[in-house]
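Below: the structure, in structure tokens.
Per-chain residue numbering starts at 1, and chain names A, B and C are given in the order in which the chains are listed.
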Amino acid sequence: MRGKRRVGERTPDVTIKPPTDSKSMLQWLKANLFNTWYNALLTLLAVVFLYIVFKGILSWAFTEANWNVIPANLQIFLVGAYPREEIWRVWIVIYTLALMLGLSAGIWGGLALRLAIVIGSVGGGLGIILAFFPIALSNRFGLLGGVAFLVVAFFLIRGKIGLRPWVLGGWLLSFPWTMIWLHGFAGLPTVFTSSWGGLLLTLILAAVGIVVSFPLGVLLALGRRSTLPVIKWVSTAYIETVRGVPLVTILFMAQIMVPIFLPDFRIDKILRAMLGITLFSAAYMAENVRGGLQSIPTGQYEAAHAVGLNYPLTMLLVVLPQALRSVIPAIVGQFISLFKDTSLVTVIGLLDLLGIAKTVIANPDWLGLQAEVYLFAAIVYFVFSYSMSYISLRIEDALGV
Amino acid sequence: MENNSTKSVSEKIPFWRDVRGLRVLFQVIFLVGVVLLSGILYTNMLRGLRGLGLTLNLDFLNNEAGFGIAEGIAYEPSDTYLRAFWVGVVNTIRVSVIGIACATILGLVIGIARLSSNWLVRNLAAIYIECFRNIPLLLQILFWYTAVILQLPSVRKSLTFFGHVFINQRGVYLPSPQPTSGVKIWVACLAVGFILALILYLARLRELRQMEQPGFPAKWALPTFLVVALVGWFLTPGRPFTLELPALKGFNFAGGIYLSPEFCALVIGLVMYTGAFIAEVVRSGIQSVAKGQQEAAKAIGLNEFQTLRLIVLPQALRVIAPPLTSQYLNLTKNSSLAVAIGFPDLFNIGNTMMNQTGQSIPIFGMIMISYLIISLATSAYMNWYNRRINRIGR
Amino acid sequence: MRLSRVHSEGSDEIVADLENTPDDSIIICEEVHKWFDDFHVLRGITTTFERGEKVVICGPSGSGKSTFIRTINRLETHQQGRIIVDGIELSDDLRNIERIRQEVGMVFQQFNLFPHLTVLQNVTLSPIWVKKMAKSDAESEALALLERVGIEEHAHKFPAQISGGQQQRVAIARALAMQPKIMLFDEPTSALDPEMINEVLDVMRELAASGMTMLVVTHEMGFAREVADRIIFIDEGAIVEEAAPAIFFDNPQNERTQLFISQTLQH
């Protein structure tokens, strides 16, 4: 449908404005809440419901609840048993990521920029709260510093498109770098993974799950779409088996079976959990990628063959770049659910955010504060998960998928 | 162009360039790799098991389990491990079926509320969905269990509803219907009503066919059956069922239906969480029905309810069915979080069995196979249902 | 025309024995058969194409004409018979398939440009990755080709940003970038808006004038009459009639050909 005006069509001499329908408050209420008798009834019921719930929650939150438990334990909620004198390393990681995000926003603009704005404003908001409230934290201005890094990096690199490969490489390296840096090397004192905990562990588990399962998932998806029957059946069997079984089962299996299957390696509990999460996530990743592969028309394969590309080149240069682009929203969705699913490591005794919450509740100093602690953990999970799904909506808009 | 004197060119192609040869070769290499890897893992496993003094067989399943299970079908600690595992399977199915039923109803209500023309209702539904979707299920279950149910009043101070429903920190006590001696008479009434209804149904069906008119073939049959059932209910001496009411005896309630705190927390958590996802499925399903369809329905004079029932829902159902299946499967798999609050589902009991016998490998096998069977059965049923609704209305 | 085996050092493939052939054939098809499951699409096609010859293949839809030209660069595998392209037999031999695909360029009905790459990247993709050309050389050659098809100013746009006719011209440039000896056109103008058909046909005319061997499946009978050296009419998977355009259009022998021509020219 083209918006071209046909020749001879009359153009109005005077532009007439549409009738303004700025409604008064009362009209709005009538249109949106009381337009029919049953809507009026529903509105009344909803108001009563809201009144009861809010009254209950507010009176509990301001009179009965003991919120001291949160600031007193904030540090272990965030990083678990990570030693106090080494927490600056966590800050370095945050600054590195802020820097990378700022650089990407400056170079690519668009989606990366919007992402940076969302993350920057959430971080900035939290940073202000942390900076101006009396909360025991090693570095009260840390988050604001991170936002500053982001902004400075953005303005420094803005428009320098030639640096793209470097920033991409930086992202690729940032992952192993984070792991090694937090663990410690050379002169840095080693912080064993067993003392990683809290939100830090939750985020690391989710990141490992997505990043490591990604290549595995792509291979499995290609395997499942392969014309070679053996490869196809093995991939399909793996994907369907893993998807048919709960994550808890796989986490327990990783805990119990890995030492039996690989007796010669000492793999600690967190690594085993990472292994389980990765193997689990790979099957779901494979299904996402397969969805993308199926969306590529056969004409693309034919054109690639016709210009002489062989199978690996066809996949690498033509099919995968398009397929992966179209599944970015699905992958973000998977990241969100993986972020929530990492809470299951609590069941095998790891101290992620939820695990820490359970230990705080069990602490004799803070008995009977289940509701406060779980609500706090719920809010943290919610903030992360909700902002990620907001970002994924933006990505969907930007990609037009 | 006549006769081309052509020599045979079915030349032997070297295998590394032969497409077919390469296909076979790749698969052989792949298979050898898979077999080699599993072989290494298998020998490692045998070595590890020998170190633990275990052998790989299923004989232990016939041994006495020796541990108690708080709820489920009839079971004694002196029963075998196999029986104990079966108790867990039944408990998983029970939680899943009840959870799926409740979550579907909740999801449907919230999903339709999400599309309400009432601003307040619409936004309340949105808030519900966003809150419950974005908080980990395990956290929700733990919250319901430790922060809500276990904090309820003690047995003696039970919350009472309708006089006969008791809720306290030991669980929920509901009246249960018990058949009386008169139940046989009522069942006979039902049978008569069913036969009558069937005759009326077939007659109406034939009539509709002859008149070549669309219609509701159970128009007469359904009310007939209901009337006969109702009349039979009141004619039965002493009523076919009596309600067994829970009553406080000693330190606890006895009689009626008892729901444990673990069961309640698990089901509430699963229903609230999955309900939010189902609501989104329902909403997007209804929205996927093109606006033109609704306009067309209005144009031919259908009212709002008729539009929803005849035009929108049948089309939305087709879109909803596949994602709904995966939500049902998620709920079933998520019921394994029972292990965190001690509800004896199949995974929890399997876990106990592993701790007692050390036979982790066969037990993991049993657990995985059980889940796979449940998953396959659910998706097979939903695929069948999906095909059916796709066939109708095309 | 005869085939014989030529053994030279390090090479054992079959080549056409050019000395014994008066004509200069570049594609030889002998009794080519193909089935889609039980459906017999190609029922023994035997023909030869000369170097520099322009052949238009026409026929009703579903006649197998597209399938036939797609067997020539092995997008479809023939199941019986032989196809020899520039002395290389199409078989399960991977090396032969790769070679033939470099010698045969193809233009599709739906353009099939790579939507995630710019026009220039579409054209240079294969020279860089298959022919291992230096990026700068590939780009300067690609720009020359784009100029030849008249869209050098759009080199840095993405396919979705240009019109269908322009996309199809890019597709031609992309095929030419491999310096093929033969160009296959599979209904190149069928997906185009009427006002864009000529810009593509002009490029094809220019290409024909430059001496390229061309096999064109098309419904553009005006183009066929003007450019083709020979017209092949395929129906139900077999060649019904082949002749020079003047004879084909003005004096068709077969009934089905007559019917087809009368129906096509009505439009």
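Just so we're on the same page, a residue touches a chain if its C-beta (ideal position, glycine included) is under 8 Å from a C-beta of that chain, and two chains touch if they have at least 3 such contacts.
Owing to the predicted nature of the structure, the values given are computational and were not obtained by experimental measurement.
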{"item": "Identity of the chain that, by mean CA position, is farthest from chain A", "value": "C"}
{"item": "Central chain (by mean CA position)", "value": "A"}
{"item": "Whole-Å gap separating chain A and chain C, where each centre is the average of the chain's CA atoms", "value": "49"}
{"item": "Euclidean distance of C-alpha centroids - chain A vs chain B, Å", "value": "28"}
{"item": "Chain B-chain C separation of Cα centroids, rounded to whole Å", "value": "56"}
{"item": "In the complex, chain C residues that touch chain A", "value": "73-75, 98, 101-102, 104-106, 108, 110, 112-116, 125-126, 129-130, 171, 174-175, 177-178"}
{"item": "Of all residues in chain B, those that touch chain C in their complex", "value": "1, 4-7, 9, 11, 13, 17-22"}
{"item": "Complex contact set, residues of chain C against chain B", "value": "1-5, 12-14, 28, 30, 47-48, 82, 89, 91-97"}
{"item": "In the complex with chain B, residue positions of chain A that touch it", "value": "32-33, 35, 39, 42-43, 46-47, 49-50, 227-231, 234, 241, 244-249, 252-253, 256-257, 259-264, 336, 340-341, 343-344, 346-347, 354, 357-358, 361, 370-371, 374-375, 377-378, 381-382, 385-386, 389"}
{"item": "Contacting residues of chain A [partner chain C, same complex]", "value": "297, 299-300, 302-310, 313, 317-318, 321-322, 325"}
